[in-house]
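Labels for the chains are A, B and C, by order of writing; each one numbers its residues from 1.
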Amino acid sequence: MTAPDLLIVENLVKRYDGILASDELSLTIRTGELHAIIGPNGAGKTTLIKQLTGEISSDGGSMSFDNRNLRRLTEAGRSRIGLARSFQITSLFQDFTALENVMLAVQAHKGHSFRFWKKAAENDALTHPALDILLQMGLETSKDRRVSSLSHGEQRQLEIAVALATRPRLLLLDEPMAGMSTEDSTELMATLRDLKNHYTILLIEHDMDVVFSLADRITVLVYGRAIATGTPEEIRNNADVRQAYLGEEG
Amino acid sequence: MNWLLMLEQVLNGFQLGLLLFLLAAGLTLVFGIMDMINLAHGSLYMMGAYFCATFTGWTGSFLIGAVLTLPAVFLLGIVVEVIALRSLYARDHLDQVLATFGLILFFNEATRLIWGPIGLSIPLPAFLNQTVEIIPGAPYPTFRLAIIVVGCLVAALLYYIVSKTRLGMLIRAGASNREMIGALGINIKLLFTLVFGLGAALAGLAGLMAGPILSVEIGMGESILILTLVVIVIGGIGSIKGAFIAAIIVGLIDTVGRSFLPEILRLILSDDSAATAAPAISSMLIYLLMALVLAIKPQGLFPPKGVGR
Amino acid sequence: MKLTTRGIINTILFVFLGSLPFLTDWMGDSFYTGLTSRILILAIAATSLNLLIGYGGMVSFGHAAYIGIGAYVVGIGAFHAFEDGIDWMLNGYVQLIAALLASALIALIIGAISLRTHGVYFIMITMAFSQMLYFTAVGIETYGADDGLTIYARSDMLGLIDLNDEKSLYYLIFFSLVFVLYFMHRLIGSEFGAVIRGSRSNEARMRAIGFSPYKYRLVAFVIAGTIAGYAGFLMANLSDFVSPSILHWTRSGDLIIMIVLGGIGNLFGPLYGAIAFVMLEELLSSIPLTIGGLSVGEYWQLIFGPLLIFVVLYARNGIDSFLPGARKNHDGA
C-alpha cells in the first residue's frame, strides 16, 4: 500500500533554442515521501523545478498536483495550493529582517493584503507563526537582523523558512546546502530529517551522502530525462546510473 | 477625398517617420548596448540644428554648414560621453534619467547663453527651396523630398553597417548579450564611445534637417524626445529594425491622422465639437497606438533576440 | 518614539513651519508665506510619488499629470461659474471630490496599462501618457490652451475655510501635509506597504510565495495619483492660475529630483527635497554676481544641471547622506 501520488509529471518538454532541457520527463512524487533528484550538471534539475512552480513555461507534457492541472495556474496560484520552493541561489528580501521575510510569506497565505492602516509588525497573526518557523529553523536569535548581515548558512536556512511559512503540501528544495560549511550542513541535515516527518519533499542535492541517507526514493536525471527511479538501494545497484555517473563520486 | 492632399500627407508622414528614425536609431542603440536611457538625446538634436544655423551663417551655404555640423555633433557626443555619461553605465535607470535630465537643463541654458533666447532660422539654397512635381499636378517641396532621400540612404547605410560589418556584429551581439562582448575581449570603452558618437551624429543630422522646416529653438529637443521614446517603445528597445518600422508607422499616423481626423470626426460629431476635439485627439493617437502595442506585446514589436523570454 | 538627532531636526522643522505665518507677520513680509505654501504643496505631491519610487521601485515619470488634473478641475469649475453662471461649480467640496475622482480614475487607467511593463518601458510609458494629457490640455481652446486659465475665484469652501485668506490657505496646506505624511507612515508599515516594498525588493520571490504584485501596485499608483490630484487642487487655489505647463514631463522630473535630493525611500525626504529644490532655485537665480557682463542668476540652470548630475553620481542618498544616522547603501530603483 503505497501512499497516493501527490505530484504527477508526464512527458514534460522544455526547449531552449534547439536544446532540449526537459526531454519527455516523467516522474511521480508520493505523499509523505522525500524524493531526491540527482544528476550531472545541466541535466535539467532546476529547469524542472522552474516549470513546476511556473517560473518558466513548458513546451509539452503535463503536471498535475493533487489532481489539479498545474499549467492552468499562475506562479502565485501554485503557491497558494501548496507548492513551495526554496531557491538554489538565495533569493530573499535583502533589506528586510529575517522575521519580516518570514512574515511576508505568512501574510501571502492569509487572504488579501489590502490592509492600509494597521501595522503589520504588530499583527500577532503574522508574527507568531513567523516566530514559530524561525524557531524551528534555529534562527530565532537572528530574527531582527537584516538579511544582508546574516551568514551564508543562516541565509540558506532562512530560504527554507520562507518556503515553510507558506504552509506547503509539497516542498521543492533546490540544493539547500549549496555553499554551506560542513558544520552548517550537518545542522541542516538534522532539520531536513525532521521536516521529512511533516512535509512531502522534492529535494535536489549534489551531496550523495545526504541524498542516500535522507531519500525514500531517488530519480536520476540525465539530459532532461529520468533514466531511473527507485529506492536508494535500487539506484545504487543500477547499471545505467553507474554509467551516467562514471567519474563522479558515488 | 482629395487624393492629392492624401498623397502629400503620406509623403509628409514618411518624412517625419524618417526623421524620427534617425533619432530613434541612436537612442535605441545606446539603450540596447549600453543599457542606458539618455534623455539628453534631444539636446544633441537641438545642437545639430543650432550648429547648422551657425555654420550656414558663417559660410553662407547650407550644404557646407550641414557637412560641418555632422562631425561637430559627433565630437560633442563623444565629449559628453567621456565627461559625463561614462560613469552612468553601471548605474540604475533612475540615476541615468536624473543625470541626463540635468544635462538637458544644462544644454538648454548654455544654448540660451550662447545664442540667445530667440530662435534661429536656417536659410536654404534655392534648389532646396522649391517644389517639384512628383506627379503632374502634385507639387512637393524639394527639401522634404531631400529629407526622405537622405533618410532612406542613412537607413540603408545603417542596415549595411549593422548586418554586414564587424562593428555591426558587435552591436547586434551587444544588444542581446552585453556581458558576452566584454568576455570576448573587445575594447568595451571604445565601442561604447563610438556607438554613442554615432547616435549623436544621427541626432544631429535629424536636427539640421528638421531645422529649416520646424523652428530652431530651445526646448525643441524635449518635444521630439517624447515622440522618439514612443517610437522605440513600440519598435522594441535595442532593435534598429523595430525603430525603423515603428518610426514610419508613427510618422504616418501622426501626420495623416492629424490632417484627416477633423474630417472623420465631422462625420460623427457636430462641426463645433469636431473642431474642438480634433487637435486633442490627434495628439493622443500615437499614445493610444503605444498603449495598444504594449497591451499585446509588452516588449515592443521587434525586440532583439534574447530579450523578453 | 526614540529621541534621535533626526527626530529633533524634524520636530524643529515642523514647529518652524507651523509658526511661519506668524513669523512673517512679525517680519512684515508675507512673501515667504506664499513661497512656503508652494514648497509644501510640492512636498505633498513628491511624498505621494515617493510611495511609488522610493518604496515601490516604480519610477513614474508622469506624476505631474495628476497635479495638473486636480488644478484644472478647479480652473474649469471657476471658469464655468464665472462665464456661464453655473454657481455650484465653484463649490469647493464639489471641486475637491471631482479633483480626487478624476485623478483617481485617470491614474487607474494609466496605471492599469503602464504597470504591465517594467523598468525603462515603465518610465517611458508613464512619461508618454502624461505628455498625452499635456497635449490634450494644450489642445482645448476653451480653457485657454497654451496660455492657460486664470482663476478668478478660489474654491468656495462654504464658510468653513476662506481660501482667499493667505494664512488660512497656508494652514490648510500645512495640515494636509502633516496628514499625508502620517498616512504614508501608516501605509508603509501596513500589510499593503509590506507587499509594495517586498515587490520592489524581490519580485520573483513575491510571486513564489503567492503574491500577485500587479494589483497591489495598481492600488498604490491610484493612491499616489489621487494625493497628487489633491496637491493640484491646492496649487490652483494658491496660484490662481493653471496652464498646461504644470503637466509637462519636465515637471515630473522636478518631483523626482526633489525625492532624490531629499533621500529616496525616506518618509521626510520629499519634504526636505522640495525645500532644497525651491530654495536652490530661489538662491541661484538671485545671485548678485555678474561674470563677463552676464548675470549668473539669470542662467541658474547652468549650475543646477551639473549640480544634479553631481548629486546623482556622488551624493546618491541626497540630503539623507549628510544627516546623522544616514543609511549606508543606496537601494537603486
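To be clear about the criterion, contacts are C-beta pairs under 8 Å (C-beta built on N, C-alpha and C of every residue); 3 or more make two chains touch, one makes a residue touch a chain.
These figures come from a predicted structure and were not determined experimentally.
Ranked by the number of C-beta pairs in contact, the top chain pair here is B-C. Relative to chain B, the chain whose mean Cα position lies farthest away is A.
Rounded to a whole number, the gap between the C-alpha centres of chain A and chain C is 45 angstrom. Centre-to-centre separation of chain A and chain B, using mean CA positions: 49 Å.
One inter-chain figure worth recording: chain B and chain C are separated by 31 Å, centre to centre, where each centre is the mean of the chain's CA atoms. Contact of a single residue of chain B with at least two other chains is seen at no position. Listed in rising order, the residues of chain C touching chain B in the complex are 53, 59, 61, 113, 116-117, 119-121, 123-125, 127-129, 131-132, 135-136, 138-142, 249-250, 253, 256-257, 260, 294, 299-302, 304-309, 312-313, 316, 332-333.
Interface residues of chain A facing chain C in the complex, by the touch rule stated above, are 53, 55, 74-76, 79-80, 84-85, 87, 91-96, 100, 103-105, 107-109, 113-121, 123, 126, 162-163, 165-166.
Those residues of chain C lying in contact with chain A across their complex are 186-187, 189-195, 197-198, 201-202, 204-212, 216, 219, 331. Note for the complex: chain B touches chain C at residues 31, 37, 84, 87-88, 91-95, 97-99, 101-110, 112-113, 222, 226, 229-230, 232-233, 237, 276, 279-280, 282-284, 287, 290-291, 294-295, 298-300.
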